[in-house]
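These are the structures, in structure tokens.
Heads up, the next two complexes both have chain A, just with different partners, chain B and then chain C.
Entry: the complex of A and B
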């Protein structure tokens, strides 16, 4: 049905509109950025929060789920900065360059800003205010989308990381973006930009440890020809987390992304990925571990605009209690993107009769010489396998844990970086141990 | 990999400019005034001499329709339909009472002859001798036909013989007169008048269609069939079919359709409702061959159809089989509501689009009862500049424990200007349900080819054999009478198909 024209705004929408109108002048903006914000805000103002009538948000009705919008975060105080020192535990075992953000604001004194050849790091707030050339060239332009969550982020974007890796630079040490929150719940609008030039290599991770805050994040990732990027994201939240990954890959690129959501009350991870050069290979993977009334939505559009590229998407969800998982994956093969090779798989493991799994793997193909496949399954643990383990003296819970580990292991094992593979698996095991 | 040449040739043979049924029959007809209003609804009801309750039912639907919007979520594009610039009722002029088939307008009889539809009982599939596996001649197999010409049913065959078996098979307009209690009990219970834009429109202005009731324990002695023909220009066809299989009954029903070539688009908005009680089974097959428009996309039928089956009883079964080659736009999702415990739903489909055709079709399997199972096999082939979309929903509600679904959909593209799309919705709401969906590339296995070749077959023969086995997933579900129509499709290979 047609989206109806609405005049009435929900309290959350009203709060966001007035937040924009009140803070517009104070938001970091050059004149070009101010125009970008206005244009994005206009779209949000017209459409409102995405709701179930918007096909891409069918199963995650933000208008219903977001009862109100929290006030925008203020500058972090000393106490919250001190607390943030220990944040990002999940990736603590990996030797990395840490960049720390509290309530979405960059904290330079907690961050490792030591110089390294070919690497430039900055704060998004500074770059927006100064009218930085890199930001002007890429923000909002990596893969334009009419998604309202992205528009809302663009209108209110505050701070984030701006990272540039010069051509041919191979960064041995991963960069870890640590997002921590203070004790005061707030709305955070995080925007980051990562540009990896031709032939460069980067491993980058994001960890979110969030209280009941509302986080609206977007990361634009530009990967130049022949570059290699690995991107990991681990999210824990007791509030709302809406994140967009906007990725554009050039020719002969290799990239992998992995997202782990555990103890995440309401998460929407959406990806907009475009293959714009030939010969690139990309993998998108993820594991969701859900319990109580948690709701995790993984939605992606993978656009193959150039031929001879391959992509693999593999997502697994384990659902306990009354949790809900949503997977919507759309692979688009544009005309003339011949020899595209894609395979998408989504599997849901339901541990409870109250859990719900929604899977929608979509294909949209306009080229005739391609191999595209997708699969989706939903079901419970195999009682035969469980019995086999129990007959060998392993108790009920442990047998389930072993089988769940094997289920998600298939996806985690695909991670080539040993440190991150172990860290993410340990994160998953921790969840299994606390499963009552 | 691209499609094999043989497939390309086969699909070419049924391309839009090869349409064989595009002739017009010259008969005088009687039409309702152009446009749609309460008066049109009253006119149709009065023409059919309907009881008051039926008119009220229609008017209720019409008023509801006025408040509804046309759906726009399907992947189809078409110019806005002007609902006021079409005729909603058109019937060939005829004598008030027909004593026998001889009194039907010879022009119309000629039309059906040309279309290959036997209306005279003695001519039924003349010359077809069927044999069983040992070569013994089987008893003659017959098909009862209800022929619908524009808005009215012109002939129904084998009525007497069916009556002896207790089966009611008659045009909907007659059923309203003769079996109002059955019509009242079932009409609109599967597809309510408020269901969707096109179904509601149909409820207001439907003119005819078939009504089938198979009493408890009866296995319908022959295949039932309806042949729909749009003839008049600028008219829409709105037929309504209602099939009820009572406890333990079985019926197989076939449906075919064609229309003349015309430059303007014509609307076909049908509703089909199926009801099965305990242990009953309905098998519903469609060969849809409406005029698809010309190579530039001019003209053609807009096929906006709502088909739904309700497995009300325990262990009942509904099976949909469709071969779709016609229509400028197809928008249909034959569905099964698996309400009874242990009920089963099946959907087998081959959709082939050519020229500028747009197909958005699929199914819904709604598991409500315990131990319900469903199976979906869909094959889409797009060529020319067409777009072919599979859109399907599989859902198991909380109480539908041990529900099972298996879905397999393959698509094949011929040429680089067409599109193939898959949009499956899979919703699991309890842990004991098992859903599997796959959209796989089908390659012919080297082992199978080698096996055939070492027994002396050529590579081409071996390929054809393996491919036939593959597409037969769908075609074997078609009753024999339709196998002829589907023959040309049988050698279409899906080699080179994409997800």
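Entry: the complex of A and C
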């Protein structure tokens, strides 16, 4: 009875397997990349889509949720490129360098490729095809994981951004990766690599305005010693969005990430973060604004592999109707990572009796001189506070909006970049205004 | 017409009877003190007037300008000019006092069909009003009541009242938790707002506050109804003799 038990493949799994087999030769690959793809595909083929019996995917059963896999995106046509000119509006108020992608494919003619000292920008498809040295050095190696969503992305990765910021470079403007959808729903496998060398500083944002497409994205972010990175991600989707952030921080690094999900049907944002040098400080934060049957899953593994680092995780979800939020935060402190200081907090505000919030903090601590705290709350709006506001003339909806704004404000206020702080708060306020 | 008429009001909370046939009339411009022992229903009356749910009105009516307000939500009552200064003002983390004041003022004005305040006019109004009450700019920037002392919270209530300019202000135990200096400041703030166009219900357990806010009339409550009405000297009498006689009478 030692034969390997293989589940019958679902239609989505079958479609993904056949997509790989049919397009393998056409995917952008040097020979080394082809091997990387084959190895990743083999793992996907063996395990299939992650499902509820895989602990990390317990509350987001991708096998059940993905009824089918859409065909891979074709090259964007003129009409979809024209439409993409207006995409990324959540960050439109910020003066930034825009790089535009349609259905995951880089569109150079819509992108700002003006030269800047210390900055190199390229398309991932080009880099994969020509065996680019930066890609060879980092893709799949930043913080290796056996996660199947990452393996699936590696097997089918099509295009994305490759950004290199040379040592000591402080970029003038934030970089905004604009991901737009055409009118034809498709599967997009987006892979990006961002390498920030020693002492450099980068502010980078990603906006996804997605139709019913299925987006599988992965971003590998390498932060060199003494570098500083701020990363913002805003996701709107009527389809499926599975994104992995794979981050490796060197010594004395400062980084912050912030994710806003609003009007997002089905999102899995997973982060794999490793502190590999001493003295670094990292913050991971986010706000989810959910309604109808939306489902947003935030899952992270934060590995403190070096001592004297601090991490802060703070996530807030506002849930209306029958929406569902999942937070799984695992903090691992390696045996020699003494003086690690972590604090993880997740809070859910339930606006309806049918909404569900799942919170699962996990700590694995192998060092003895650390401070690691976590907390999780879920609750409704305080009727006493609401009455107080209403007794001053503020109506029911506006009173709730003020209290919701206050609830998420605590997390949004942590953003130090004024432009992004305002843009993300305005994004949240727009959601509140459209609340029925 | 009287501003407020409370007629034979019966109120229950979780099947417990709190108000038991309360009848009370407040005239325009009148300052009425309501005194009574703990548990006589004074605070319940204030919440019921402001429209807090969780109270079950089983009988009677509340008329403002001759019209029933029982079906109105708290914000609609506020727009009609009812203001409750809370005994225990709540902290509202994350909502700046200025935002709160402005949202409230403009929401009320909108409901009444009046123009909203412009930013400069609003800032001027708040600056002048807060200066008189000794509320600092620092407090206005902070979240509503968060980290405020008891006295600061009460002053913030009176500040809201001064800005919202209600026609009927209900002050629920505004003196509780105040030292003598704070009591004076708050009372002066209240007295500045006395006008023929504004009525006040001053709910208090002790006579002390009434030395500063001198009432036109004093009502004594016991067991959910008004058991005696008199002039301001009634408060002094209560201070001397206590509430025992009314408790016995109602028993």
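Quick note on the criterion: the second predicted complex is superposed on the first by the 431 of 436 C-alpha atoms of A that agree within 3 Å, B and C clash if a C-alpha of one lies under 4 Å from a C-alpha of the other, contacts with A are read in each partner's own complex, and residues count from 1 in each chain.
Here is the rule we go by: a contact is a pair of C-beta atoms (placed from the backbone, for glycine too) under 8 Å apart; a residue touches a chain by one contact, two chains touch by 3 or more.
These numbers come from a predicted model, not from an experiment.
Q: Go through the superposed model and pick first if A:336 touches only chain B, second if only chain C, both, or neither.
A: In the superposition, A:336 contacts chain B only.
Q: Now for A:377: first (chain B), second (chain C), both, or neither, which partner does it touch?
A: So A:377 only meets chain B here.
Q: Classify the contacts of A:115 with the two partner chains as first (chain B alone), second (chain C alone), both, or neither.
A: Neither: A:115 stays clear of chain B and chain C.
Q: According to the stated criteria, A:359 is in contact with first (chain B), second (chain C), both, or neither; which is it?
A: In the superposition, A:359 contacts chain B only.
Q: Does chain B (first) or chain C (second) touch A:391, or do both, or does neither?
A: The second partner, chain C, only.
Q: Given the touch rule stated above, what does A:369 touch, chain B (first), chain C (second), both, or neither?
A: In the superposition, A:369 contacts chain B only.
Q: Can you list the residues on chain B that touch chain A in the complex?
A: For this pair, the touching residues of chain B are 1-3, 69, 71-73, 398, 401, 411, 413-441, 496, 498-499.
Q: Under the touch definition given earlier, write down the residues of chain C that touch chain A in their complex.
A: Going by the criterion above, the answer is residues 50-54, 73-75, 77-79, 83-84, 86, 89-90, 92-95, 99-100, 103-105, 107-108, 111, 143, 160, 164.
Q: Please give the residue numbers of chain A that touch chain B in the complex, ascending.
A: Contacts found on chain A: 1-2, 55, 335-336, 338, 342, 348, 350-380.
Q: Within their complex, state which residues of chain A touch chain C.
A: Touch list, chain A to chain C: 383-385, 387-396, 398-399, 402-403, 405-407, 409-410.
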